[in-house]
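Questions regarding the structure given below will be posed in turn.
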Amino acid sequence: MVSVGQISGAMGTYANTDPQVEELTCRKLGLEPDTASTQVIARDRHAEYIQTLALVGAALERFSTEIRNLQRTDVLEVEENFAKGQKGSSAMPHKRNPIRSERIGGLARVLRSYVVAALENCALWHERDISHSSVERMMLPDCSATLHFMLREMTEVVKGLGVYPDNMARNMNVYGGVVFSQRVLLALVESGISREDAYRIVQRNAHSAWNTDGGNFRANLEADAEVSGRLSPDQLADCFSTDLHQANLAVIWERLGI
Amino acid sequence: MVSVGQISGAMGTYANTDPQVEELTCRKLGLEPDTASTQVIARDRHAEYIQTLALVGAALERFSTEIRNLQRTDVLEVEENFAKGQKGSSAMPHKRNPIRSERIGGLARVLRSYVVAALENCALWHERDISHSSVERMMLPDCSATLHFMLREMTEVVKGLGVYPDNMARNMNVYGGVVFSQRVLLALVESGISREDAYRIVQRNAHSAWNTDGGNFRANLEADAEVSGRLSPDQLADCFSTDLHQANLAVIWERLGI
Amino acid sequence: MVSVGQISGAMGTYANTDPQVEELTCRKLGLEPDTASTQVIARDRHAEYIQTLALVGAALERFSTEIRNLQRTDVLEVEENFAKGQKGSSAMPHKRNPIRSERIGGLARVLRSYVVAALENCALWHERDISHSSVERMMLPDCSATLHFMLREMTEVVKGLGVYPDNMARNMNVYGGVVFSQRVLLALVESGISREDAYRIVQRNAHSAWNTDGGNFRANLEADAEVSGRLSPDQLADCFSTDLHQANLAVIWERLGI
Amino acid sequence: MVSVGQISGAMGTYANTDPQVEELTCRKLGLEPDTASTQVIARDRHAEYIQTLALVGAALERFSTEIRNLQRTDVLEVEENFAKGQKGSSAMPHKRNPIRSERIGGLARVLRSYVVAALENCALWHERDISHSSVERMMLPDCSATLHFMLREMTEVVKGLGVYPDNMARNMNVYGGVVFSQRVLLALVESGISREDAYRIVQRNAHSAWNTDGGNFRANLEADAEVSGRLSPDQLADCFSTDLHQANLAVIWERLGI
């Protein structure tokens, strides 16, 4: 909790000011009186504040890294909004870069860097020297304003995000849907063979499809007697459906309180 | 909260495992199911854990820095326990160093350093690469064991701490008790002169005592007509009492729940 | 320079040991005498050492990040060696992860984290307290061994790296070679129109190819009267050649002393 | 080396610009051409620059920490200049705080924090994303200007520093000069007894003087038969001289090139 106030005197002992002065003043300002202050409020509160900003920054970086990955030319499942009239890269007119997501990722580095300075500020000499002050004059406005900016940027990114479901489907089905291999593996195990055998069968068909022009995992499976003898066409088709991955979404929404 | 578990599959979608499996397993282990996992539990939980360790480390460093300052040859208000049979410094037999407090201060640096690595671990590619793993294999045991060691060391330091009230009194009364100057200032203001005038009077008497062999702030005040004309000997004596600084201790104890 | 030695006594004044003792001893050990030591060698030397390790770590991370990007399923221009008998991902048999490159990227985080602790170690009290010692006992072996391990890992990665030139060519020519758009732009400018006009022409043809099933930038240009009226088929073909990008390699090799 | 320039094109291949353009331009600007650039100059150069600033900052912090320690009320061997008309602490008129040295110590924390962000900037995706840019817009001016300010502050501190040799002598001779105990130890060893015996004798006399009102190490030694039987009054007096500590100053000056 960082919303605390303190009027406890030069030693933190209320020697010349009644504690009630502190309480009344804090109440008017919507603050709690600091539980045990020295001449100043202990800097672990400020450190926890900066740590929280850095943690939010890392969460935003997590989203922005995902967007950067999905916006790659070779993936292109989402795309940051191309502002009206905006040119592409100066060198390559076709290229749209996820510049806001990259910016958010960069600024998360600044936030987490400052955590160390904030933690160094805690151990003041005799519980009160002024060494923390110069740090805080840079750190507190910089970190607060930076996270505010990052939140605004991310809001813009999400609001304007182009989403390309067709590319998602295309990428999922590359090389004949190798990403569905785990489901095939489990179906084979359920059909009564050992996991080792199932793994061997799936890996064989996956490897021959993988990274091969025209490679097709699903077609390989359909042509593999060890598979067709165990899984019906319907059972195999089920393995390549995304339905299972969406079946339990409600559980997650509920936990998140959405 | 870091005590969470997760069995949500390679995509975090419970595609092949019912969420109930996760719930039952977690319940048996005394864990909460993670609200929204991917293939892994998001690393912001781990980062918050390391941040908390670093914050506790900074709190211990705050105590240890105070002890280091108070154990200085020139201050000597407290002293870390000299173990039976322990020699002093190899070069200077009389010298007892606050080695445990210095050690605690050093290790606090290690803890806060790791915060940045912990925060960098959050943004995994496609919400799951393995880059965090090598960091965690070093960071999690090192930070956990280091803070545990620091807590044990600090417990030993506090249990065995030599405390020297006579030196505290001597240091407070150096140069005739200049540390009590604020109380004199306030007493003069209460006697009816302006703060500026009071400040000028106090500073004059403090400066002539300060850093002077035999300098005596209190004697200077007693001999200063501008003071003696305003404060009675009893009033002046009150200014040099520590009673006021202890009068409100109960308020602080109560807030701390002690 | 970190290879220095010091035998200058408890104050760094050579009060009880002649400087020649230091010089002779250092010479035997292949060290330089420290220019101006206190009781200890100043910790900025150790900090510079850790900074150098972290910088090398960042260089390795740069390579490893490139490999991780190039090994993505959707790119697959290089691939870390799949050890004989090694299984793929436990969930997805076809999947080969760049686990060593991810590991190197993770460990680079550990190295750079320690830089802050190393820098905090510099300002010892009275130029010699023992607070740096606990840090160094963790930091020096951990960082040295970690970088050594990273260098070995990276050597293994490079030695065993699968390189797929066909995929490189495929990726470069996706959507009819939009990556060559800059060269087309310059050719159009050289043909006598303004950069703005050229940019508009190129962007138009790039955008209609981009992210479109069967989109073909080069075919679009060939069919565009504004282009064919200015660039001959040979000139256009030249724009899609990689020769120009390799023409000046010798300059770079020479600068690198290779 | 950070003074490099680069005009190597969007791929760093000089595909559309002859390397001579780079060389001529760099020469005019007093820069070296970067040995092997991508679209940008690799960020390890920027990281090394920030590391160097942080290392200089740590050196300044080393000086400033020494000054803060020496300016303590209980030590007072040096004192930052008290500007004409400057008031002391608002609460304690007599108190002069080393505010500039504390400020320098604080700002060193900011510099070293940024080192991690600078190192994180090195591993750009495909050797060129824009994530480093937002970091550098904050980091490069902030760090450069901060170190410049610190250097100016430290220059002012040193120029105006009050130095109190009498207090230095007083502090060295506290408790009858216990700081000279090592020299006594060595003199006893040279007189023919074992180091263990000498240590025991010195420690006995040091401990009974230490932290005792009126304690006097030197008087204790003079009254100790085990000492007086081995060291003549002149030999003992030599042990309490600072001459030995200044005898080899010229060696250090010479090494520093002063």
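Letters A, B, C and D name the chains as they come in the text, with residue numbers starting at 1 for each one.
Operating definition for what follows: a residue touches a chain if its C-beta (ideal position, glycine included) is under 8 Å from a C-beta of that chain, and two chains touch if they have at least 3 such contacts.
Small disclaimer: the values here were computed from a predicted structure and weren't measured.
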item: Those chains which touch chain D and also touch chain C; value: A, B
item: Centroid comparison with chain D (C-alpha atoms), farthest chain; value: A
item: Winner on C-beta contact pairs when B-C is weighed against A-B; value: A-B
item: Distance from chain C to chain A - Cα centre to Cα centre, in angstrom; value: 24
item: Interchain centroid distance [CA atoms averaged], chain B/chain C, Å; value: 40
item: Centre distance in Å when chain A and chain B are each reduced to the mean of their C-alpha atoms; value: 33
item: For chain B, residues contacting two or more additional chains; value: 10, 91-92, 105, 112-113, 115-116, 120, 125, 182
item: Chain D-facing residues of chain A, complex; value: 9-10, 68, 89, 91-92, 97, 99, 102-103, 105-107, 109-110, 112-117, 120-121, 125, 129-135, 138-139, 142, 146
item: Chain B-facing residues of chain A, complex; value: 10-11, 13-16, 18-19, 33, 35-36, 42, 44, 47-48, 51, 54-55, 57-59, 61-62, 64-66, 69, 105, 108, 112-113, 115-116, 119-120, 122-127, 182-183, 186, 244-249, 251-252, 255-256
item: Interface residues, chain C side, partner chain A - complex; value: 72-76, 87-88, 91-95, 116, 120, 164, 167, 171, 174-175, 178-179, 181-182, 185, 199, 202-203, 206-207, 209-211, 217
